[in-house]
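Below you'll find the structures, each written out as C-alpha cells.
Each of the next two complexes has chain A plus one other chain: chain B in the first, chain C in the second.
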Partner chain A sequence: FSSSEYRISSDGKAAKFQPPPKPVIIDKQKQREERRFLSPEFIPPRGRTDPLKFFLERKDMIQRRKVFNIPEFYVGSILAVTTADPYANEKANRFVGICIQRGGKGLGATFVLRNVIEDQGVEICYELYNPRIQAIEVLKLEKRLDDNLLYLRDALPEYSTFDVNMKPVTHLDYEDIPVNKLQVRMKPKPWSKRWERPKYNIKGIKFELPEKKMKEAEKWRQPWLEFDMLREYDTSKIEEKIWKEVSEELKK
Partner chain B sequence: MMPIWTKSGKKHAVTLLKVQDCHVLKYISKEESGGKTSKLLVGGKNASPFSKSESAMEIFKEAGVPRKQKVTTFNVTDDAIIKPGTPLYAAHFRPGQVVDVTAKTIGKGFQGVMKRWGFKGQPASHGQTKTHRRPGAISTNKAAKVYRGKKMPGKMGNIYRTSFGLKVWRINTKHDIIYVNGSVPGHTNCLVKVKDSQLPTYKDCNKNPPFPTYFADGDETLPEDLYDDEIFQFTDPSVTYA
Partner chain C sequence: MAVMNRRLGLSLSQLSRTVIQRHFSITGACRAIQKLTRVRVVDNSALGNTPYHRPPKCIHVYNKTGVGKVGDTILLAIKGEKKKALIVGHKMPGAPMTPRFDSNNVVLIEDNGNPVGTRIKTPIPYILRQREGEFSKVLAIAHNFV
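And now, the complex of A and B:
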C-alpha cells in the first residue's frame, strides 16, 4: 500500500515518493582519534648519531611525561609556567606569556615565552624537561601564521601584552586548532632583523613599507632552495614509528 | 651529549659512551714488557678479519675473539690480572667514580697559525699589505735561529688527547652505556679509551669498585640503570625548595 498514487499533485502528474534525506552522523570519537600530536622534540635531527642514543633519550622523556603533564601547545599559544625558585617568596614563580619559538631536540628542548610587564618586554626561555618546572598550563591554544614569532620584538608592544591573571580559554578535544590570522603592525624601522626579506618567510606582519623597499627585499629571494634535494628531510615515516612507540608507552 | 639534572635543580651536560664488544686480548708480564707494572691488552669494537695479515691476527686467535678495530694497553697491578678472552662490560665502572677519557681529536687538516695556535693575526685595514692571518716574527735577532717546536702552520687535530677527571653519573647495564660528565675528545661514534682517573684529588674516589672487573656470570644481577645519588630521576616528582 503506497499513498503516492493517491496524492493530488498541483501539476497533475503522480508525484514520486521522495524519501527523507539521511541524517549525517558526525562521529566525534573518530575525529578525536584522527588528530594526533607528536611534540616536535621527539623527532631526531638529521645526522650520524646512533639511533640508540635517541631511543634512550625518548625513554627518559616518556618517563618524565608520565609523572608530569606536558600539554600540547604550538608557537602562538599563551602559556602559564610555574617554576620552583629558591629566592622567591613562596618558592614558586609564575610567568604568563605567548610562546615565540620552540627549539632543541630531545631532553634539552626549550620554549621561549614573551610578555610585556609594566612597559618592559620580558622573554624567558624554559626547558620542557627541567625538573624545577612545577606546572605548565595552556591558557589559550592556538596557532599563528608563522613558526617563529621573533618579530614580536619589533612589533608594537600591544601585540605582546597578555594579562597575567588571564582565565584559561576552553578548547574541546576534537576541534581543530584555531589559526589566528592576525597581521601585526610594526614599530618604525630599524628592526632587529630585516623581516621583509624572503628568507624569513613571514606571513604575520602587515608591512607598511613603500613598494620600492619591498621590491628591493625581493632581490634576496633564493627560489632554488625549495628544489635542493640535499636539504630535504622527510620525517613522515620516522614520525609514524615514534608516534606509535610514544603513544604505547604513555598508555601503560 | 645530553642534559642531566641534579636533585638541587642544577643542569650538567653529559656524554654517552657505549662499551661495544670489549674483550681482554693478552696478558704481558712485568719482565716481558720491561715497565713498572704488568700490562693487559684490551680490544674494542668488532671488525672484519679479512684486511689484516696473519701475524696481526695471531693475538685475536689465541684469545678466541673476533678481530677488534682498536687495541689498547692498560697498566695493571698483579692482583687485577684478568684471563684473556673475558668480555668487559660497562658495569666495570660505577656511578660516582671519576674517569679519564682518551681519544683522537677531530682532524682539521692543514691549518694556519690563527686557528691552530690562537695567534692574533694582523688588522684588516689601515695599510696592511697582504698580511692578515700570518704569524709575523718567528724569532729574535740575537738567537739567529728558529727554536725547535716553534708554533707554525701544520696539520691540526687527529692526535690523541685526554680529558681528565670526568665524573660517571649513570650506567646503563642493558645497553652497556656510561654517562660521563662534560665533553670528550673526538667526533661522534669515534673509539675512546676510558681509564680510572690518575689525578691526585680523586685518588680515594673509587670506593668498592667491582674488582678486578664485572663478570656477567649471573651471580649478582644489577638493575638496568645505575644512578649516582645526586641525580634527579624522572620517576620522582618535580624539584621543590621547601
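And now, the complex of A and C:
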C-alpha cells in the first residue's frame, strides 16, 4: 500500500514521497567551549615578580567573580555601570559609556568609559574589582579596529555620544563578536597626541590630512621593533594554564 | 621674486587655517587649574557668556598649593574684572571612580558663596555634594550630576 497516488501535488500527477529534511543540530555547548574568553587582567605581565603573587591575586579575583558577575567586554563595547555613591540620590550612580581603554593587571584592573553629556565629554576610570561597583551591564558587545580608543577625545563629539537610556542589544552566545570597522572623523589639528604617527598604529581614523603630512609621519616608523626578540612575550601557554585554572575554580 | 612669492604663499595658507575658532582651551597637556589657565564658565551668567576678545583666566588659587582641583575656589579675570569662581571639573585625571572632563569647568561665585548664574547645564561631579554646607546654593542650581 502506498499513499503516493492519493497525494495531491501541484503537477496533478502522483508525487514521489519526499522525506522531511533532517533537523540540523547546532551543538552550542561545543561552540561555546571553542570560544574562550580570558579577561586580559588575568594574564601576568612580563617581569621577575614571584608567580605566587599573581596566584594569590587570581584567587582573590575569582572569589570576587563568584559573588559579582563581571561580563565579557572589549574596548569599543558600550557599558552601563552602577556604583554605590553616598552623595548620589538613591545612593546609586549609573554611567553609560563606551570603553576606550582597559588597563592594569590583577585586582587593580581598570577600564575607562567615555560619553558626551550636554556637549561635555566625560570620562570615568572604573576599577573592575572595586566593591563599590554594584552592576556592570553590557549594552552593546562589539570590538573596534584598535586596542584603545583614546583618539576619541580628538574626534568629533558625535562618535562619543551614547544615549543614557539605550536598550541593551542582545548578543547570542555562540556568535562571533562583531568588529565595528568604523573610521572616525577627527576635529581639526592640533590633537592631544599625533595619532597619524605609526607608533600608535591606529586603524580606526579616517585621516583627512594632506599626503605630505602622512609621508612626514612615516619618518618616525621603527620597523625593527617588530623583529626585536627581547620584546617578544608569547602569552599563549600562560593563557591556556590560567584559563584552565580560572574555569575550574569558577565552576565550583 | 620667487622667494617673495613663496613667503607670501606660506603666510596666506597659514591665514586660511587660523579662521577655525575653538571654545575650549587649546593647550595640549592641560592638567589641574593653576595661575594663568584658561577656563570655561559653565553657568548661564551674563559675565561668563558674553564674548570677549580674551578668554577668562585664573589669576589666583585659594589653596596651600597653587593647584586647584574640584571644589577649590579660584580668582578669575573675566572681561577686565576680578571674580571668584568654583572649580567643578578639570582635564586632569583624578582618583579612580571620579569623572574627568574634557575641559576645565568653573562656576562664577560671589564672595559669600552665592552663585552668579541661575542654571548649570553641564554635568557636575557628585563629590561636591560632600561639602553640602559651603556649596549648597551651587548644587541647588545644578541640573546634571555625574
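Quick note on the criterion: the second predicted complex is superposed on the first by the 224 of 252 C-alpha atoms of A that agree within 3 Å, B and C clash if a C-alpha of one lies under 4 Å from a C-alpha of the other, contacts with A are read in each partner's own complex, and residues count from 1 in each chain.
One rule holds in what follows: a contact is a pair of C-beta atoms (placed from the backbone, for glycine too) under 8 Å apart; a residue touches a chain by one contact, two chains touch by 3 or more.
Every value quoted in this text rests on a predicted model; they were computed, and no experiment measured them.
Participant: Quick one: is A:D85 in contact with chain B, with chain C, with both, or with neither? Answer first, second, both or neither.
Facilitator: both
Participant: On the A-aligned overlay, A:E118 touches which partner chain: chain B = first, chain C = second, or both, or neither?
Facilitator: A:E118 contacts chain C only, not chain B.
Participant: Given the touch rule stated above, what does A:D60 touch, chain B (first), chain C (second), both, or neither?
Facilitator: In the superposition, A:D60 touches chain B alone.
Participant: Output check: A:I43 vs chain B and chain C. Expected answer is one of first, second, both, neither. What do you get?
Facilitator: In the superposed model, A:I43 contacts neither chain B nor chain C.
Participant: Should A:R132 be classified as contacting the first partner (chain B), the second (chain C), both, or neither?
Facilitator: The answer is both, since A:R132 touches chain B and chain C.
Participant: Give me the intersection of chain A's contacts with chain B and its contacts with chain C, in residue numbers.
Facilitator: Overlap of chain B and chain C footprints on chain A: residues 85, 127, 130, 132.
Participant: Flag every residue of chain B that touches chain A in the complex, lowest number first.
Facilitator: Chain B reaches chain A through residues 2-3, 5, 9, 11, 16, 18, 172, 175, 177, 188-189, 232, 234-242.
Participant: Spell out the part of chain A that touches chain C in their complex, as residue ranges.
Facilitator: 83, 85, 87-88, 93, 95, 110, 117-127, 130, 132, 153, 188, 190, 192
Participant: List the residues on chain A that touch chain B in their complex, please.
Facilitator: Residues of chain A touching chain B: 47-50, 52-53, 56-57, 60, 63-64, 67-68, 84-86, 91, 106-108, 127, 129-134.
Participant: Could you list, by residue number, the parts of chain C that touch chain A in their complex?
Facilitator: These residues of chain C touch chain A: 20, 26, 28-29, 42, 89, 93, 96-103, 105, 121-123, 126-127, 129-130, 144-146.
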